[in-house]
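Shared chain: chain A. Partners: chain B in the first complex, chain C in the second.
Up next is the complex of A and B:
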């Protein structure tokens, strides 16, 4: 039991950067801008963050450098898509490759060096709560930050006027505009903030969970793509998205744990188990919307149909209506 | 006036290239390396000897084959990010066919042909999976493709370390190499095979003809240009998009087959070598025009080959080629955006 608790505390810690990046992507996409560069960005920010912390010897400088890297990337994406009207998917994809190669190229001098890491800090009193204490409150500051971020971002998006504006800008920019809101300014702001959070996930790895910079062996390539799909799974809601992040990392851990019991299954198969799961979840989330399902449902008896509708509505959360669409005043 | 505009467009393209070079030079300065030396080394690494030039063509073949497929999916407006996995599956199926037939006593030509066909089938299966997920499952082709890429990589690793393990100890160097009789014959002294080159050229011609001179090509374009109008014309977009997936999978599978038959002669862990993603960059840079993809793919291939020497000559990482390639596409797109914005402003002014 104790060992299991320790493992689960590890899952909570390992999920933290994913949670933060998913919330970042959620902010950006809620405003209507998709940041497809997340995969390369996390790798680059991890390298930059590590380099900054290593050079200065201060962890917070590294974290800040990661955030700034992300925010700068966000500004570049907003500039190219909002001001220059280029495809967000195209620019995001190019940047994803560019950032990754940049990280590997510029990171060479920082390979396998011992660098500073974020210290563990158990919260007094809270840490003594049975089960929950060791699970959630015997972690490092970054993990606590993620709890605050989850709660605050949820409150911000769904319970404040600012959040209402944010959602309006992503759903119906023309109505937001007619009420005197500067749509593009909002998009610039939230893309910079959101991408900054995605960038912050980088040093959260290189200064904590996967401490150090090991070039291509750092093992961060792929996480950004997971972040993008969890954002969809999360229905652009920080609570559901964070749940998705914890679930994903838990399944990853489960895959590794099963390996020792289940030696006949090669390790490579279990390591990619999250990816078929990711496809399956996206399938469950979206299948209710497809033409053939709608047609099949129409043939079902009324009572059964109602149940299915409810199920699909629960699973399916439509994306912000203006996601990826540049805003034109005319 | 018209001629003037053409000149302005040309200037913007050149400035995009210059900006990319400047950016790369800046990156090199940050890495404390001499940009001139690096550019010179890349150039020499790609063209200084006939062997290096031939090597650039060895890299050009898979790149242009992948681009051939991607031009078709892009034409219908699809983002086939799953191409990497489709290449891997092609390579896996080719390896499977060769392993099955290598001791059968069939003439080598038959075995090679069977390998190519199996590779194409592999690419098509993987592409269809993404297509079916999109049209019958509502999963965006970007995410379905990405997931399938990771699964294909895992499948490759599993085969190399499991069922197709090399006699003795399994290793990252791949499966047991095939007998020389079933390799695509190369020019003596070079790694380049005339047959793979011919396959690549034929593919370019086929895709050009398909898109420019056939009804199918016209309909594929209609689906990409105006989805709703296509439906009005009685074209089923999902049917043609699925067709685009199948065609792209075919070329991706062929890419994998050529890498196994002509370059590595076995299955290796990173058999797609990133040519799929690089093909996406090429296709974007040439605005999905296959004719232009031919020289641009050659340039990108030369950059790849030219970069190999960098770690030895200057102790800098060879990913510099990747930085240059993506910077080129990025600045090209940015400059294109600036150009359109300026043209629009000009039109607005002349309207007033």
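Up next is the complex of A and C:
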């Protein structure tokens, strides 16, 4: 039991940067801008954050550097997609590759150096709660920050007027505009903030979970793509998104844990399993829209059908209506 | 509010959308802005509400020149516009929708949640909106009421309404008109943009007419209808009803049909459609007409019943099977559901041709394109993109894409937003088809159009469907009551 708890606490810690990045992407996409460069950005920010922390010897400088790297990338994306009206998909893909290779190239001098790491800090009193204490409150500051972030971002998006405006801008920018809201300013702001959070996920790896910078061996490549898909799975909602992030990391851990039991199954299968599982979840979330499902459902008795409709409606969250579309007055 | 527009010019590419328009509007007046589709009415009003910028000219508000660079500027001055498609947020609740505005642009209030004031405005104007409902569930008419109440709530002095009667029920129109009269009485200035003469006649004290971007005339009430028509179109327009084409042969027989989806349940529909007959679907927007038309086109799966067509029961077949038998559906949203933006007219014809060849026979496609453009009187060339056409021409293009021979056409609001000339033209084409024994089922919000063109009418009210009513001798008032949910048999 204790060992399992320790493992689960590890899952919570390992999911933290994914949670933060998913919330960042959620902010950006809610405003209508897709940041497809998340994958490269996390790798680059991890390197920059580590380099900054190593040079100054201060962890917080590294974290700040990661955030600033992300925010700068966000401004670059906003500028190209909002001011220059370029395709967010094309630019995002290229930036993703560019950021990643840039990280490997610039990071060479910092390879395999011992750097500072974030310390564990158990919260007094809370850590003594049975089960929950060791699971959630015997972690480092970054994990606690992520709890606050989840709650705050959810409250901001769904319970404040600013959040309403953010959602409005991503849904019907023309309506927001004709009500006197500066749509492009909102998009710049939230893309910078969101990308900053994605950037923050970088040093969360290099200063804590996968401490150090090991170039291509760091093993961060790929996380960003998962972040993008979890954002969709989460229906652009920080609570659901965070749940998706925890679920994904849990599945990853499960793959590793099951290896010792199912020795006959090749280890690669179990390591790769979380990815198709995520795809299946996405598929299930959106399956209510397909024609053959509606056709099949039409044959079910009324009560059962109603239940399915409710389930599908709960699962399926349509994307912000203007996601990826530059705003024009006319 | 006293408004003066001086020599306004606006270009879209090579199109001169507003050409030297000068206009003065006195406070407390309801001004009618008339013109056919594409005359530049909306453009002029969008300039006045700050949504787009003028290329040249001056705007004076209460005698002072103002720069309207964004809607925020216009709102600060007290200018609010109700757009043709309401600028709201269908995915949100009404309460949420109402809270989205820029506080810096407001002149009177900083409190975003003065719900009592809003409810007072609602009550005053005879609206009845539930603040906790979802915007997406409202009818177009209710969404307009919401926008209207919202603008007044923000303290707007000049109200611009762009084609507000498109897509709303007769009852809602009555409520809207009495609200507008009341507001004018309270000293608000109102600009009413429309292509419908009767409405301007009923509501406005003064009317100006735009044609091809120029302001070509001004009239004071009482108006002479023929005079205004001449101003709008440059000539007289009359509509003719061609002879009855209805036969005794049953084209389609619908029995015990049940249709269900998230929004609405339609139960137990029974009727026979004769070859060459026109059936009109009356009812408020969202009473089930769309689901009904889509079910008859095979695009929506009914849950039970029979759709007999010829010797077959088409229940459960998909829409390709329906199309093979000559049953076609034309949706309301022309650009979104009917045409492909970014494709030229010629490419549309090639697509709709359905030939199973790999290469395009360009000589043949040129020929068909030229021929159809001419036959359907489309103002465009074969290389014109579909989104560049005006609404009326888009509708003509849609109709010209239908394959021959058609047995049954299912048209959803075929003349929504079109001016008299385009409407007449489209109906002359449709009537021609009826002569060739094609049957038509169409939905419309225009009672006049329904009683004039349809042989029989089905009334829809929240999923209920009436018996077919003969349109000859049908009382429009009774029809209006039925649409509003009264006079229904228990």
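Operating definition for what follows: the second predicted complex is superposed on the first by the 324 of 330 C-alpha atoms of A that agree within 3 Å, B and C clash if a C-alpha of one lies under 4 Å from a C-alpha of the other, contacts with A are read in each partner's own complex, and residues count from 1 in each chain.
In this text, a contact is a pair of C-beta atoms (placed from the backbone, for glycine too) under 8 Å apart; a residue touches a chain by one contact, two chains touch by 3 or more.
Owing to the predicted nature of the structure, the values given are computational and were not obtained by experimental measurement.
Enquirer: Pick one for A:90: touches chain B only (first), chain C only (second), both, or neither.
Expert: first
Enquirer: Quick check on the superposed pair: does A:152 touch chain B, chain C, both, or neither? Answer first, second, both or neither.
Expert: Touch partners of A:152: none, neither chain B nor chain C.
Enquirer: By the touch definition at the top of the document, which applies to A:113: first (chain B), second (chain C), both, or neither?
Expert: Once the two structures are laid over each other on A, A:113 reaches no partner at all.
Enquirer: Once the two complexes are aligned on chain A, which partner has more residues of chain A within touching range, chain B or chain C?
Expert: Touching more residues of chain A than the other partner does is B.
Enquirer: Between chain B (first) and chain C (second), which does A:258 come into contact with in this model arrangement: first, second, both, or neither?
Expert: neither
Enquirer: Report for A:176: first if it touches chain B alone, second if chain C alone, otherwise both or neither.
Expert: Second partner only.
Enquirer: Touching A:282 in the superposition: chain B (first), chain C (second), both, neither?
Expert: After superposition on chain A, A:282 lies in contact with chain B alone.
Enquirer: Looking at the overlay, does A:309 come into contact with chain B only (first), chain C only (second), both, or neither?
Expert: A:309 sits against chain C, while chain B stays out of touch.
Enquirer: Quick check on the complex: what are the chain B residues that touch chain A?
Expert: 27, 30-31, 79, 81, 133, 135-140, 142-144, 146-148, 150-151, 153-154, 157-158, 161-162, 277, 280-281, 284, 316-317, 319-320, 322-323, 325-327, 329-330, 333-334, 336-338, 340-341
Enquirer: Once bound in the complex, which stretches of chain A touch chain B?
Expert: 36, 80, 83-86, 89-91, 93-95, 97-98, 100-102, 104-106, 108-109, 215, 222, 225, 228-229, 232, 266, 268-269, 271-272, 275-276, 278-279, 282-283, 286-290, 292
Enquirer: Mind listing the chain A positions that touch chain C in their complex?
Expert: Its residues touching chain C are 161, 164-165, 167-168, 171-172, 174-182, 294-295, 298, 309, 313, 318, 321, 329-330.
Enquirer: Which chain C residues qualify as touching chain A in the complex?
Expert: Chain C residues touching chain A: 12, 46, 49, 51-52, 70-72, 75-76, 81, 83, 87-92, 96, 99-102, 104-105, 112, 260, 262, 301-303.
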